[in-house]
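There are structures below to look over.
What follows is a pair of complexes built around subunit A, which joins subunit B in one and subunit C in the other.
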Partner chain A sequence: MTALHAAQYWALLLALAISLALNSLVFSAIIVAKLVRERRETALAALQAQLTDLLVSISNADETFSVERNRVTIGDRVILLPPPRGLVGSTTRELILSFIATLKGEGRERLTLILESAGYVDATIQGLKSRSELRRARAASILGGIGSARALPALTERFLLDPSQEVRLVAAEALAALRDIPGIPGALLFLEAARQPTRYQEARIANVMSKFGASVVGPLEDALSDPDARIVNFALDVLIEIGLVLHPDKVIAITKHSSAQVRSRAIELLGAVGRIDAFEPVSEAMSDSAWFVRLNSVKALIAMGTPRDEAKRARYFRALETALHDERWAVRRNAAAALAAADDKGRLILQRALTNEGLAALHMYYLRRGQVVPTIT
Partner chain B sequence: MVVIADGDPVTRKLVESVVENCGVEVAVAEDGEEALRLIQAHLPSLAVLAVSMPLRTGWEIGKELQANPRTSKIPIIFLTSHTQEKDVLEGFLSGATDYLFKPFSPSDLQGCVQAILDRT
Partner chain C sequence: MLTHFLWNAFFGFAWLILVYTVFVNSTYLVYTLVAIGTVRRHLKTRSKERIEQIFRSKRAPRISVILTAYNEGPTIIDSVRAMMRLLYSEYEIVIVNDGSEDDTLQLMIDAFGMERVEKTYEETISTQPVRGIYASFECPLLLVVDKENGGKADAVNAGVNAANHPLFCACDADSLLEDDALLQLVLPMMDRLAFVPVAGGVVRAANGSTVTRGTIEKIELGHRPIELFQVVEYLRAFLVGRTAQAALNISLIVSGAFGLFDTETVKRVGGYNKDAIGEDFELIVRITKHLHEIRREFEIFFVPQTVCWTMVPHDWKSLRNQRERWHRGLMQTLQWHSHMIFNPRYGKTGFLGMGYFVLIEFLGSVVELLGYAVFPLAVFIHVLNLPTALLFFLISVFGGAFLSLSALLLEELSFHRYTKWRDVLKLALYAILENFGYRQLTLWWRCRAMIDYFRRAKHVWGEMQRASFSAPPP
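Up next is the complex of A and B:
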């Protein structure tokens, strides 16, 4: 019994000793890790400070500048950039990227050249081949930020062939960021958009396409006759964003589309580009069964301005007067604003209409805003 | 003196370097409150302000400067990524002498700063 107690006693002591040893080991490891982290952060902060000064000088076009591999000379100063790997490499790249995002002109070109010369662009292009979807998307995004033409083939390949939809989309955004460089045809981007399942992704592609400007207007106008209303709406979104129509007849044709959303966007587009030759279909849309089509019709008429032609002028005011009695408040309010902003004839129509009992609310709207409708003398 | 205020350290550093090249003293603020305090204390020849900043926006500062006869004549350049027409309009309504977009060219900014300093 006594022997057993002694054995238990020694076992307890041993366990205590092991526990103490383990605790000190863990504690020491924590201290060492903290010291290493602090030293690394100090080194990174020093590197950032040194680089920031250098980058400010590089951004100044008056300073002489040259770069050979990772050796950058600015004025009489020379700095060797770290290799594009690990924490130091990524910190350097991020800092240079933040300067690129802030600058334009020669300073920005110099920074892109540095990233190309010191191997940062090639290292990031390698990232496009990663097995991880997240890394490929990140690499594509960084390459868009750097703006190096060297990344164009690899980005185009990702855009066309990557199995991940998100990577294809980020690659398209990166290509749009490189829009000064002749790249992929705009029509390809449009086809890509048709493969996007969500409205959010469509909107991102629409944003990308709009940056290509006039070059994509043709394929977009062709898409207006697509049997899928979703595609037509998408094409209208981009055309509105670009603000250009080359063949208004193709847009006018869809002001009678079976989808009210398409009709509404078509009218909005005609108003956005201010096509006075589209006056007829726009004013006809004032009698559309969907209130938001009528609203866009009023807004488009405002954008087109009062026609000079007498017959059109009469129809213009008649359409707005009809809109003043619309069942929807938004339509009435916009029609009133259009008449108030028009010439004396418009203001006279508005003033007469406001005396009607049915338009009291509209009158109140003007009074609340402190905008009394002008009196015609 | 020129007061510079921007929440982004890279932009602050770049603008500071550009303005120093014009041969004037510079005071730098990291947020809107500090910027307003510096402007009211030093009555600078020019303020280069970001629009989006912690504590106070550039537009708020502009309106506050305009409302005070001591500071209403201080020229303001807004340097911002708010590039829509309504933003530019808001900038000028807040007392902007000039309204520059980010990303910016240092030489454009220097020309703009120099022209305003020459006038004042």
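Up next is the complex of A and C:
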């Protein structure tokens, strides 16, 4: 029993020693982490001060400017940029990048030239070959920010061939940021969207596609007849963002789609492009069973404005008057806003309708504020 | 003969406790390592650009922020103003006045020019009667639901009924969200192929920090030991515990003070249960149960860099009430959903998720209390010698301190919100000190809650002393 007792005692003592050692280790790590952070922050603040001075001078077109490798001459000052690697290099690149985003024209070109000349662009292109998906994506994103044409072939390759969907997408974003994408037809990007993306990736693809403008409107309109409602919605979203429709009949056709989401988006698009020839389907949507379709119908009517044609004018006000008594408050509120914003006839309809007890708050509001008309989501 | 039997019994029990301690500490060690890896990955992938993309995107789902208020006069205006500053493309704020007896409703009417409106209110989830709905024409994103008092769960349910958007964020009126909180929380919901019905963030103690017009201006620690102990506890629970559980996809708690939910799913499972003591825990268990039953792949997500600041109790009585309520809530939920525990039908949730709550959260307090009772007795009757008992105690103390210090290290390596040396050292000190008295006190409260629960004592919320963000507690 005594021997067992002693073994137990020593085992416990050992456990205590280990836990004490671990505590000391973690405590020391906290102290070291804090010390390292503070030193790094101090060094970075100094570098930032120096670079900010350089960046401000560069954007001044009157200053003479030349660059040779990492040696930048602005007026009579010479600045040596740190090599593109390590913490100092990446901080320099991040600082210049954040500055590039705020510049246009010559200042921006000068900074891109500096990054190319000092080896920052090449170093980042090397990053596109990294084994780590995260690093490749980060490198593509940085190259999009720098805006150097030198990165185009490498980015195009990543976009077309990278095994990671995330990297392909970031490369597409970078290419779109460069606004010089002869080798990438819009349809290819659209196909990208159909490869089971997450909603976040879908949003980014829509964002990239919207930058292609009119060139992708045709394929997007074709996609409106796709049997998959998700694809139709996606196409509608991008068209809304671009704000252009070449064949309104294709959009009008889907205002009767089985998916309320699609109907709602189609009405929104017709409102966004302000096609007066779409007045009929938009006002018809006021009797849709889904409240958000009716809401978008009211908003689309507001966006289209009061028609000049007498018959259409009468139908326009009738539709808004119907909406004023809608079961949904958001629809009523926007209809009231539309009528208040319209001419005397609209305001008369509003005054007459607002005697209804259920609309008392709207009544008070518009009587008090006259024509202040918010559009409410 | 009797002495020999007692010796063996105590000796066996002592080793059982030691084995249990090793099991618990190993679990936490695994959690710590998983949390470190997860936080590092989060920091690498969740860049500023990604958050900005969501902010600019028209495809980001709309969110209803639900704020429940019961006698929140001192903090309500600051809280609403803070919510109005949130960065998000399209959201609404639904404030539910849960029959406040103070001037909460009038304060909102005056501050935001609210007027009573005839808005459609579909009672999908049954709640106490709604007295009126108020909208603000000056701030169109605000909506107030004024209802009869029915408790926190009932109030959130009324907010869910009134919410117009596919996602809702439930927050307490005495909490402050960081500006990009919604963007941070919505990202996993948009960026996962699996369905994410709930995403939660970190809750931290705001006591001692400077708050101006609903925004945290300066992050500092409170002065009272009770506040500092809770800062350490929250760091350990959120940065390590919740992060690791979510990474292992066994998460079952998203704090009621801060979480983003899929509105349709919550409505489908019937909303918060009004009879549940720990309604947030119970709701997540019910959601996971429902999703397992319909065989839908899902993830409960936790975002460690999103913070909700809240005033934690600054007096012992309030803290005791809170902790007793939490523990009763734990036991009630485990009892209500006992069929899920270690049930293969519920996969990892049943085994590891519910298993953790049974074996560590529930059983832990029983074993620890028994340890405190049996060891002195064993020394007293000379079954165990004093140095051995002391060694047991010290191992358990430094094991606990190691986990708290690890959480502090993770904080320092990642988010480093506490910038002053003094604050970091203070937290390190309290990570050790909490094991001498505070831990035993909270253990006693948990055990009391357990006894009360088994005796079926009537559950009361107890008076909670709240401090306003604008002024330090008395």
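Quick note on the criterion: the second predicted complex is superposed on the first by the 298 of 377 C-alpha atoms of A that agree within 3 Å, B and C clash if a C-alpha of one lies under 4 Å from a C-alpha of the other, contacts with A are read in each partner's own complex, and residues count from 1 in each chain.
Assume contacts are C-beta pairs under 8 Å (C-beta built on N, C-alpha and C of every residue); 3 or more make two chains touch, one makes a residue touch a chain.
In this text, all values refer to a predicted model and were calculated from it rather than measured experimentally.
Student: Once the two complexes are aligned on chain A, which partner has more residues of subunit A within touching range, subunit B or subunit C?
Tutor: C
Student: Contacts for A:Asn207 in the overlay, against subunit B (first) and subunit C (second): which applies, first, second, both or neither?
Tutor: second
Student: Between subunit B (first) and subunit C (second), which does A:Ser59 come into contact with in this model arrangement: first, second, both, or neither?
Tutor: first
Student: Is A:Ser141 touching the first partner subunit B, the second partner subunit C, both, or neither of them?
Tutor: second
Student: Quick check for you: in the superposed arrangement, does A:Ser19 touch first (subunit B), second (subunit C), both or neither?
Tutor: Second partner only.
Student: On the A-aligned overlay, A:Gly105 touches which partner chain: subunit B = first, subunit C = second, or both, or neither?
Tutor: In the superposition, A:Gly105 contacts subunit B only.
Student: Touching A:Ser289 in the superposition: subunit B (first), subunit C (second), both, neither?
Tutor: So A:Ser289 meets neither subunit B nor subunit C here.
Student: Considering only the contact definition stated at the top, list the common interface residues of subunit A for subunit B and subunit C.
Tutor: none
Student: Write out the stretch or stretches of subunit C touching subunit A in their complex.
Tutor: 7, 18, 44-45, 47, 49, 53-54, 56-62, 90, 92, 115-120, 135, 137, 140, 164, 187, 189-193, 385, 387-388, 391-392, 394-395, 398-399, 401-402, 405-406, 408-409, 412-413, 416, 421, 424, 428, 432
Student: Provide the residue numbers of subunit A that touch subunit C in the complex, in ascending order.
Tutor: 1, 5, 8-9, 12-13, 15-16, 19-20, 22-23, 26-27, 29-30, 33-34, 37, 134, 138, 141, 196, 198-204, 206-207, 237, 240-241, 327-330, 357-362, 364-365, 369, 374, 376-377
Student: Give the list of subunit A residues in touch with subunit B in this complex.
Tutor: It is residues 52, 56-57, 59-62, 95, 98-99, 101-108 of subunit A that touch subunit B.
Student: Mind pulling up the subunit B residues that touch subunit A in the complex?
Tutor: So the residues of subunit B touching subunit A come out as 8-11, 13-14, 17-18, 21, 102-108.
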